[in-house]
Amino acid sequence: MSESAFAVETKDLTQRFGRFTAVDRVTMTVAKGEIYGFLGANGAGKTTTIRILCGLLRPTSGSAFVNGHDVIRYPERVKAGIGYMSQKFSLYEDLRVRDNLVFFGGIYGLGRERIEQRIAEITSATGLTELLTRKVRGLPTGWKQRLALACAVLHDPGIIFLDEPTGGVDPVSRRTFWDFIYSLADAGKTIFVTTHYMDEAEYCHRIAIMYQGRILMCDSPSAIRESTGDALLEDAFIRLITRESDTETGGD
Amino acid sequence: MQRLRAIMKKELLHIIRDVRSLTIIFLLPLIMLVLYGYAIRLDLKNIPLAVWDADNSQESRELIRAFTHSGYFTLTLHAITPVDPLEVFQERRAKSVLAIPVDYGARLHDGRAIPVQFLSDASESNTATIAGQYAEQIILSRLMSRFGTDAPLPDVRALVLFNPELESKVFVVPGLVAILFMMICALMTSITIAREKETGTLEQILVSPVRTAEIIIGKLFPYMFLASLIGVVVILIAIFWFGAPFVGSPLLLAVFSIVYLLCSLAIGILISTRVRTVQVAMMAALVITMLPSIMLSGFVFPIASMPLPIRILTHIVPARYFLVIIRGIMLKDASLYLLRFQILPLCILTFILLVVSIRRFRTTLE
Amino acid sequence: MKRILHMIRKEFLQIFSDRAMLSIIFGMPIIQLFVLGYAITTDVTNVAIAIHDMDRSQESRMLIDRFLNSKWFRVIEYDSDLVRRQAVIDTGDALLTVSIPEGFGADAGNGRPPEASLVIDGVDSNTALIAAGYARTIIMRHFQEAGSGDLRDLVRVRALYNPALESRFTIVPGIIALLMTIVATLLTALGLVREREIGTLEQLNVTPIHPLQLILGKIIPFAVLGAIAFGLSMTVAIVWFEVPMTGSWTALVLFTGVYLLTALAMGMFVSTVTSTQQQALFLAWFILIMSVLMSGFMFPISNMPLVLQYVTFGIPLRYYITALREIMLKGTEMRYLLDQLMPLSGICVAILAISAGLVHKRS
């Protein structure tokens, strides 16, 4: 287990489900402290890639290292050092906000004092302090999202995987959310986020554009715009995707 | 009408897509039918018997033969040396012990018979009761054939109506149908409404210009349809495979099945209005509908033998009435007049439940 | 270990946060025990019977007296109109009719075999069978005593362990075993499937928690609930239903522990092969029904066809019900129960292994 310079490193990562190839020879590196975005349409293979990197899925072939640990061979080692938040905000709705935080802290093996300390830190950073004793059921979506993130980072992971984290959340909450993400990145955390919102993609240091399981291009948002000559990231994204699908139909 | 169709179609898709639930719904009554048809015989046979024949004479061996030839008992232990019944029972080598004393044969010849002992392990009371009766009849008839010159043996002839072979599957089929209807209509509807409440899709439907009546009918009709379909399949299999009789009017049965189905649906709705989560809906439906339909309906256990408070309780179990109706129609070709004391309460119960449940459903929606 | 404790804590918080669920978990077993303890009875008593006496002799009246004094029967009609015979059965007013033809008393006096006939509604075959047996017994006894004196003294029929032949004593231990199955199997199955349905199971899977810790954390709370349900129902059984407890508590607790584990493992198994709570409920319900029918709870196993007797060896409830009855009613020693404990433990380990494997595969 060598100390790797990269937070995430994959080589020819491939995932097939029957005859369908969800992830197609994906090779990428994510530096520590980077905010790395996966941009792509629904079904492009973003979630599958994240699930592999989190050790939830075993890839068909290829290799993947997270925090220097082999995801395929030691998924348990990987899991201790990552945080994961899915688009569903999987929380226990019948428990209080506090119960959820304590529970996930405990699951990650934090001690009682450490849990209390982290809850205090995170709730003040996310503004959840007032809501600690409220039941999750009945909270507005924006608050549930923040709580889900708080649960995912309570154990102070080095890498945080966010799978379409801001679905159905208002712009103000989204902004607060990203402020918090930035503060995490400033503290040296690596953020790995999937999205199909262009404004969100602009927040990232680097984005990878994904299409049918492959990475078409990976660069900073400004570099991608320049390469296609578009003023907006959205236009650049659509141009890239259309070009790709055109060459495919041309090739058939 | 268009909206109604949309809701019904969605609901049907829910049902059909869930292959695993469907399989179990179909399989459960069929397996029970098979078990009752082949496995479960209520007339006891082959009761394991241990014999301590201290006499070991011609007479005692004849008595033992009478036991084994009766078909009621199977000899698992035959000893001439003392047998400790307690040990036999604890080791579970037999359910009954027959002890024939020394001199049994000799005294029988003298005309001064001495008692034969028959002991049963009554930790299974039913078996013990029946075994005791069988044993008494076997021993007595042997004794009476010895001394019986002056004692006439009564000739008791029994005529069994409607189910001459006393087959349990004949009476079990109607019960299965009743339980099946409850399971699909009350259990499944309460779960589906609770689930729509939990996931918020009920709200989604409510904001559309659909009327309450349309929601209720649209959601419930598919379950009624499914229940009727499975009910028909079960009855057909029972008739054609297991040879269960069907002597009454199918039309009459259909009419009262619908009344009973409506009753089950009303219970399902009522439960769903009172709970918030699927889990609670399920547990409540199980306790309120399924268990009483099996235990308190007379399906397996005769109501007449229950203590009075429980007997009173059974009057609010709809399955109790439906069971008598369906058995009456299937097996006895009973007329409406004969079934009036079942039909009337069932209809009243259904009416009350429907009114209450629809009213409650309305208020929870608004 | 810490992680397991956190799982357990969370589980209890969830259970206690839902008032309705809580009352179901604790209320259900007790109410069921009370109601079922009375409702499930294999005794046949109070059978409605109609007697049609065409003979109207001293002899026939003496016989009828026996029916009137019997706890097995409730005489609803007593007349000499043979036409009514079929009608009372058709209407369902009576389950059984006894007809005493003319010349019945005279025959008995002359030493000719007197005739009597029974008409039985065979729809409920079990009750019909037993009731007919009772009626036959009453008639036979009448003649034995009238004819050759006290022949019955020559047969000593004794029921050990349960001299009054109370079916309660047999049924209540069975219900306890059944309730444990419901609490442990059903709730465990639902609990795990629910986490999968709302997505928290995936959230847990990205944490470093080991699948085994996850399962233990989910299972232990229900084991505790099962143990509490067991304690409560045992108390009701002994104090209220006066079921004797003659055997060793150690043996009882041992069997209960192993069975509880088995039931929990079955719940786990159900949860791994289903994906919604409804499916889990149906499958658990299916297992429950099969267990009830095939465990000897109501229908003696020795009475089944041989092939199906082999099937019952795979049903864990079978061993537990046997053990409960043996220990409570008969005070059977542990060494005689090893043949029950061994297969039960074997099944327990097998189900545990299978479901642990499945959980691992699915996560």
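Going in written order, the chains are labelled A, B and C, and every chain counts its residues from 1.
Heads up, the rule we're going with is that a contact is a pair of C-beta atoms (placed from the backbone, for glycine too) under 8 Å apart; a residue touches a chain by one contact, two chains touch by 3 or more.
The shown structure was predicted, so the numbers you read here are calculated from the model rather than taken from an experiment.
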Checklist entry - Taking a step as a move to a touching chain, how many steps at least join subunit A to subunit B? => result 2
Checklist entry - Counting C-beta pairs in contact, which comes out ahead: A-C or B-C? => result B-C
Next on the checklist: Please tell me the distance, in whole Å, between the geometric centres of subunit A and subunit C computed from their C-alpha atoms.
Outcome noted: 54
Checklist entry - Cα centroid separation between subunit B and subunit C, in whole Å? => result 12
Next on the checklist: I need the residues of subunit B touching at least two other chains; which ones are they?
Outcome noted: 277
Item to check | Residue numbers of subunit C (touch at least two other chains) | outcome: 18
Checklist outcome for this item: In subunit A, the residues touching two or more other chains are 94
Item to check | subunit C-facing residues of subunit B, complex | outcome: 18, 20-21, 24-25, 27-28, 31-32, 35, 38-48, 74, 85-86, 89-92, 95, 113-130, 132-133, 135-137, 139-140, 143-144, 147-148, 150-168, 170-171, 187-188, 191, 195, 275-280, 282-284, 286-287, 290-291, 295-296, 298, 300-302, 304-307, 309-310, 313, 324, 327-328, 331-332, 334, 338
Checklist outcome for this item: Counting only contacts in the complex, subunit A reaches subunit C at residues 54-56, 76, 79-80, 82, 84, 86, 88, 90-95, 99, 102-109, 135, 151, 161
Checklist entry - Which bits of subunit C are touching subunit B when the two form their complex? => result 18, 20-21, 24, 28, 31-32, 35-36, 38-48, 74, 86, 89-92, 95, 107-108, 111-130, 132-137, 139-140, 142-144, 146-148, 151-163, 165-167, 169-170, 186, 190, 194, 274-279, 281-283, 285-286, 289-290, 293-294, 298-300, 302-305, 308, 322, 325-326, 329-330, 332-333, 336
Checklist outcome for this item: Contacts from subunit C onto subunit A in the complex sit at residues 2-3, 5-7, 9-10, 13-14, 17-18, 198-200, 202-210
